[in-house]
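Labels A, B, C, D, E and F are assigned to the chains in the order they are written; within every chain, residues are numbered from 1.
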Amino acid sequence: MFMHNKRLMYTVRVSETNPKLASLMLEQFGGPQGELAAAMRYFTQGIAEEDAGRKDLLIDIATEELSHLEVIGTIVAMLTKGAKGKLAEGAEEAAEALTGMTAGGESHTLNLLYGGGPALINSGGAPWTAGYVDSIGDPTCDLRSNIAAEARAKIVYERLINITTDPGIKDALGFLMTREIAHQKSFEKALYSIENNFPAGKLPGMPEFADKYYNMSQGDGDMRGPWNQGDQWEYVDGRDEQAAVDGGDGGASVKLDRIESKAVTQLAERTMSMPDGDPTTGADLGAGPGAGKTKDVGKPAKRSVKK
Amino acid sequence: MFMHNKRLMYTVRVSETNPKLASLMLEQFGGPQGELAAAMRYFTQGIAEEDAGRKDLLIDIATEELSHLEVIGTIVAMLTKGAKGKLAEGAEEAAEALTGMTAGGESHTLNLLYGGGPALINSGGAPWTAGYVDSIGDPTCDLRSNIAAEARAKIVYERLINITTDPGIKDALGFLMTREIAHQKSFEKALYSIENNFPAGKLPGMPEFADKYYNMSQGDGDMRGPWNQGDQWEYVDGRDEQAAVDGGDGGASVKLDRIESKAVTQLAERTMSMPDGDPTTGADLGAGPGAGKTKDVGKPAKRSVKK
Amino acid sequence: MFMHNKRLMYTVRVSETNPKLASLMLEQFGGPQGELAAAMRYFTQGIAEEDAGRKDLLIDIATEELSHLEVIGTIVAMLTKGAKGKLAEGAEEAAEALTGMTAGGESHTLNLLYGGGPALINSGGAPWTAGYVDSIGDPTCDLRSNIAAEARAKIVYERLINITTDPGIKDALGFLMTREIAHQKSFEKALYSIENNFPAGKLPGMPEFADKYYNMSQGDGDMRGPWNQGDQWEYVDGRDEQAAVDGGDGGASVKLDRIESKAVTQLAERTMSMPDGDPTTGADLGAGPGAGKTKDVGKPAKRSVKK
Amino acid sequence: MFMHNKRLMYTVRVSETNPKLASLMLEQFGGPQGELAAAMRYFTQGIAEEDAGRKDLLIDIATEELSHLEVIGTIVAMLTKGAKGKLAEGAEEAAEALTGMTAGGESHTLNLLYGGGPALINSGGAPWTAGYVDSIGDPTCDLRSNIAAEARAKIVYERLINITTDPGIKDALGFLMTREIAHQKSFEKALYSIENNFPAGKLPGMPEFADKYYNMSQGDGDMRGPWNQGDQWEYVDGRDEQAAVDGGDGGASVKLDRIESKAVTQLAERTMSMPDGDPTTGADLGAGPGAGKTKDVGKPAKRSVKK
Amino acid sequence: MFMHNKRLMYTVRVSETNPKLASLMLEQFGGPQGELAAAMRYFTQGIAEEDAGRKDLLIDIATEELSHLEVIGTIVAMLTKGAKGKLAEGAEEAAEALTGMTAGGESHTLNLLYGGGPALINSGGAPWTAGYVDSIGDPTCDLRSNIAAEARAKIVYERLINITTDPGIKDALGFLMTREIAHQKSFEKALYSIENNFPAGKLPGMPEFADKYYNMSQGDGDMRGPWNQGDQWEYVDGRDEQAAVDGGDGGASVKLDRIESKAVTQLAERTMSMPDGDPTTGADLGAGPGAGKTKDVGKPAKRSVKK
Amino acid sequence: MFMHNKRLMYTVRVSETNPKLASLMLEQFGGPQGELAAAMRYFTQGIAEEDAGRKDLLIDIATEELSHLEVIGTIVAMLTKGAKGKLAEGAEEAAEALTGMTAGGESHTLNLLYGGGPALINSGGAPWTAGYVDSIGDPTCDLRSNIAAEARAKIVYERLINITTDPGIKDALGFLMTREIAHQKSFEKALYSIENNFPAGKLPGMPEFADKYYNMSQGDGDMRGPWNQGDQWEYVDGRDEQAAVDGGDGGASVKLDRIESKAVTQLAERTMSMPDGDPTTGADLGAGPGAGKTKDVGKPAKRSVKK
């Protein structure tokens, strides 16, 4: 069960309203690396988790992220408080309000659509989607996802700190950023407390493909490093050895039953693009009478007559 | 520049058509852990990467993932080949086609909408979205994201292998799964080749918050483990010590200018919900004349008269 | 600040696993009328609310909805616990697992993608989106939205109860349904505690259009009722009185400057579809030599020759 | 059947082109409170409605909203007419066109993507989605949703009027805003013409939970009002009385069969995070040799050796 | 199998960084007419294609589009290279960085979220979605879709060229635009190489409806042209002849079984909106004591008493 | 202005309810090729169209498509009428209702979420999105898009006819399918009435690239046809001639100013992945003590020590 205490986890002190900055802050409210995404990632993992330790950890941090969501949302609410009031109350400052809300980005969106309230959108206006939550129900995968997510969230806070001058906001963002570091450490500990956490799952890989490195991108810029050289790696460079690596013909086949076979054949014949001839096309019709001139480069060289 | 060789990276041998299984396979074609998501994750990172070694690595693997996308998509195409033909050609097998396409899941979707071609949807029918791509432009974050993504993809392939009996498909899935393991190893090497890769970015955390663990979820089930105990951690249990951790009052404030202040006050007064009195509401109106009886539990105990 | 107590708000007792039922339950976990949508609707309103009473109310209920989210999510986790285990552990029950997961709907999605964990999707597999949150930053609007949302959530719970036979689940769903009723009553009280809550906002309507009812859909089935008859309403039936109701010509105009005007004219001339003549089209080309026969009804009657 | 009359429902007179303003107007074209959302909400309800009166009402208003969609879309088309021409025709005003289209917000999007035509996006660029349509197939719910939707649309029009100075646009927006008021009144009448419209549906709530108010958010700021005090309400303040309100233990249980049970146990054992020990983690590896210094606050205090 | 060559298909020479321009360029990276959409459209068609010639064509062009994706993405990476560095490295240029990133549009989004890397979003910030891919598994449809898609992509490149002054970018865009023209020509040839490609599919239309033109929009502005006049067309003008064109009553019917019939009747009776009477509504309650005054135009003329 | 006539454009006669079939029919209600997509495509084009003839045509057909939307939606409403009633009224048929709603696909979604009303989703449950509308504001592009869209819609109707046995539904679908054919013919006439409609727009292509065909996909299966052979085409086969086709080095460059240059260098140095050495990684830590055995193929051959 969740409970709420009216004190914020971190006191929010904003110097002055600034709808533009508010729009940027939304990134950590309703963006992919934001606090709702974090809270929902850990919460959905936690309620299905079998391991008592991890379940506790996941719900602990999910709850803290909800508290962070409240902090960042409150920062947005403070930054837009003035615009909200002016827009709601009205007419006389219309021109100024318009200017204030539309200059330099998304802030008109925030105020016009949402009336100055923090909306679950990213700083570009895209609504939050559960597609951001990458939980997959396997603890070694999910912990790795959490580690990565905390690292990403840390960086977005760092960027927000870099572009903010308001000391109160910088301070609160510093707290939020630091907690992502702490959370990453916890998730790392939980991951490495699982024996044999790599590779994920139970099925072993096929030995003949587990240590090969396929050099798929070739040319000036090819590099070697610990990720593709050393005792561990077999470096596969030849284009022929990269195709049909099973030793087959690299084709695709399926057995069709009689009815399927007949239908597929019929379909293929009915819709064949004949490789011979040179049919007049819609583009030919559309290229116009002047076609053929050098500057009309889109037009086919050979023209059919029409009209 | 990308080039294409008509041989698949792995030969696809499918025993018989099976639209239902095809729908499940879509998970790795157009799903969040699928090959397009992988290819686009690495490709978008690669083209903006400054480090020559990582750039090479990212484009190598992006290109391989595109080749995997072709393999899994071809499996889908084989599995739906018969249904595609029958649906396109026609009338007489209508009833049977309907049955084959709608029993047990999404396969009707696959065939009806996309005509049996592999669509960029997940196995639940949700279209692929760039929201799945979590690249953030910082190498230590992105490599961690890639490591996690490879682990997740490995698990989805393992699940698909577990529910497949067709030996040719199992074999190809085994290859694809193994390559995710190999890719994870490469990304791990690249990450740990960056000195001081933790925490991500340049800004250090605030020391007073970097090693605290807030026990936000309390009760029967609280657990300790390396993620919240040991020399490193300060375990914060008291609810009072979890709120307003900056030592402030846990409130929120912003300085408004005179016009803002006036507008906000006016807005607040105009829209105040008065705490006194007991207004008749729409629910009161709607609860009907019989309200008050025990079984009408939704209806307010105290009724206002109307009509 | 949010806190968490390990006891659920309502005890969850599930008789047996049932992945199919789990898929249906997702409707109230990650669907538009579900608990996350409710929690986020009230939470985003609450943190920007100026009125102390409503702020308290909104955060109270937001917090309770989070607790409900945990209850419904836990029901899903119980219903899929077996499938999750079998899928993760493996090979031998593959065929059975496939059957259990794909028969009758979305359950394969739930298990295959999310490994049996509750995912933030609706029962049709569509990911949760912040587009479901209709907060607009005006209290009389938002309270009406909340009233409607609670009513809708009540109905979805009623439907879920109707299709469930497991007594423990029915019981928990009954609790959740009842709380939606209670919440609706609270929001109604808060709305009607605002004086002059209708119409929303400050701007009055234009008197000449505020009490007209336009009978836009005409024919057998036209009805009158309190929504369009009585002293209050002026019923506008004539098609001519429904168009250009401002008394103008019903056209559209804008003043263009000289450069704009020239560009628009040039654009119009360059891309004019000439009303005279009968050009040969791509469809003409494509209708084939047999065109004109009665059964080829898609083909134009008048044919141009080609090839 | 729908028909169209070439006269607009309200004459559109725009003083001068203004792509920036056009972007804001899109809010009511392709935004969540816009005219397409309104039309589709009522239309989808209307075609499935059993009650002849409501069916008539819903289709009447759906049709009028389509006519409004045409008015607001035409305003957008007028405001972008010049930019559209200049962009299409050309090169010489390139720099100026770029400035005009990108200064202050989204207008570059409107013109660049959609060529100056009204696009079904909100003012922030997010595409319209059927997720905005909250119809649920129960008339008391749907009418409440409609009432709320009309109130929200009224407010967005009010905001657009407040930021517009063009008298012709202000006038047309005034008409559109007024009609939302009229529609709300009609939907209110239709709702309260249903006897016993509260609570929605047939199932009564559980009496023991229908009149409780859980004070979930506590601290400085707790308020009482008609929404949680008075004869009707039982105010539940104690944290213990808020958890496991059914009197159970607040836990979750499900009966597993033998195979399930074995699989779940095996899964739990295989993936247990061991609570003892202090494993070296990836973060430990990544924190670098200098770890331990005060400023490196992200780095763990206790270091494992490596390399 | 895909392979990669480190040389770009077209050399990218950018004069100076320009994050604003980068945002506009994203339109062809992650927008609906962009290169990913093109590549995925042809690739998904190609892997399911039965016709060897078309399969080859589709994969040829899909591969080229991936190479174009790399070119346009690299342009974005060059344009944001400076902002990326400054944002990542730091504090001192904060104010300037903020200005540079937020003035005039979306560029703050690009940098803040994605760290200066090319993201799969359109120029308005909306994430790429597979909803852009309109492949339907029928070659005559898909080729027409491809023709249209190439034409649209050509126009977006033309617009980007018109707003760009950097000669190196203009040059590369010119190449990309030209290739869309070439691709359109190829797809046209492939379409018209299919005999009887119109109408698509096998089922003929119903002769009585295949050549009618319904004049659904009437009034000042009605036009005739080859699309609705000439021997081919029957122009249907009368409103009565446009409704129920099958000669029926234009109604809808379904046979219900006994249980269904009873349930539907019960539902209709339970939720009837009574056409008589004039119920007090929530709007009546909310209109306040001053209702009835001329300026309170939203309020009903006839008032019920309350409070 | 839109008006509505209560008679449907085509009489709907459904033999019996069938929720499963209803789900499939949704494809043309809320799917990408469905009637809403068609109506919105033409409507948004029409209101911004400068050419009087095309404007008339577009609004005519948009209006007809809305009338079709009503027909297909009414078919869905008839097919789900029984399920809607039973679900709403209740308890006793619960088990049967569950079966009826969940067997074979999406129908539970339709009924549970939307209460039997037609929802704006495709047959796979994905909500309608304006991403389906590909209008771009250039008439030659938009008409080509319309032609393709009509062809696709025709095919989906053909597929629905093929899987339907109810004669009344087949009949109505036949009408709808036929009208798509007629619409395609009209759009073709409008396109080819524009002189010089190919290529779209004003800018000519670059002559050196307009007639080249790059054979990007090579190997067994290479084909020639009118799309890449004949006088018009120059066939480019050599991989070297496909890269850096401008004659440059295929690289990418941008001029950075001094501050940018310093920041980028600093960033590169700070985050370099060192190509030498072989760092211990998280995967190494996670591979466990048993690593090195043949079957543990995911584990690196060379192990670092740990714990």
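Observations on the model:
We take it that a contact is a pair of C-beta atoms (placed from the backbone, for glycine too) under 8 Å apart; a residue touches a chain by one contact, two chains touch by 3 or more.
Please read all numbers here as calculations on a predicted model, not as lab measurements.
Counting only chains that touch, the fewest steps needed to get from chain A to chain E is 1.
The set of chains in contact with chain D as well as chain E comprises A, B, C, F.
Matched by residue number, over half of the contacts between the chains of A-E recur in the interface of D-E, chosen from D-E, D-F or C-D.
The interface with the greater count of contacting C-beta pairs, when B-F is set against A-C, is A-C. The distance from the centre of chain A to the centre of chain F, each centre being the mean of the chain's C-alpha atoms, comes to 20 Å. A straight line joining the Cα centres of chain B and chain E is 24 Å long. Across the assembly, chain A contributes 1-9, 32, 53, 59-60, 62-63, 67, 74, 77, 84, 88-90, 104-106, 113, 115, 121, 124-127, 129, 131, 136, 138, 140, 147, 155-156, 178, 181, 184-185, 189-195, 198-199, 201-202, 205-206, 210-211, 216-217, 221-227, 232, 239, 242-243, 250, 264, 267, 270, 273-275, 277-283, 285, 297-298, 300 as residues in contact with two or more other chains.
Taken chain by chain, the contacts link every pair, so each chain touches all the others. Looking at the complex, you find that chain D touches chain F at residues 1-9, 30, 36, 40, 43-45, 47-48, 59-60, 62-63, 66-67, 69-70, 73-74, 76-77, 80, 84, 88-90, 113-121, 127-131, 133, 135-138, 201-202, 277, 279-282, 285, 304, 306-307.
Contact residues on chain B toward chain F in their complex (touch as defined above): 1-7, 50-51, 53-54, 87, 90-91, 94-95, 97-98, 101-106, 108-109, 111-113, 115, 121, 124-127, 138-140, 147, 178, 181, 184-185, 188-195, 202. The touching residues of chain C, when paired with chain F in their complex, are 20, 24, 27, 31-32, 104-106, 122-126, 155-156, 159-160, 162-165, 216-222, 239, 242-243, 250, 264, 267-268, 270-275, 277-284, 297-298, 300. Listed in rising order, the residues of chain E touching chain C in the complex are 140, 191-192, 194-199, 204-207, 210-211, 223-227, 230-232, 273-279, 282-283, 285-288, 290, 294-302.
Contact residues of chain A toward chain B in the complex are 5-17, 32-33, 52-53, 55-57, 59-64, 67, 74, 77-79, 81-82, 84-86, 88-90, 93, 126, 129, 131-132, 134, 136, 138, 140-141, 144-145, 147-149, 151-152, 154-156, 158, 161, 171, 174-175, 177-179, 181-182, 184-187, 189-190, 193, 198-203, 205-206, 209-217, 221-228, 232, 239, 242-246, 248-257, 259-260, 262-267, 270.
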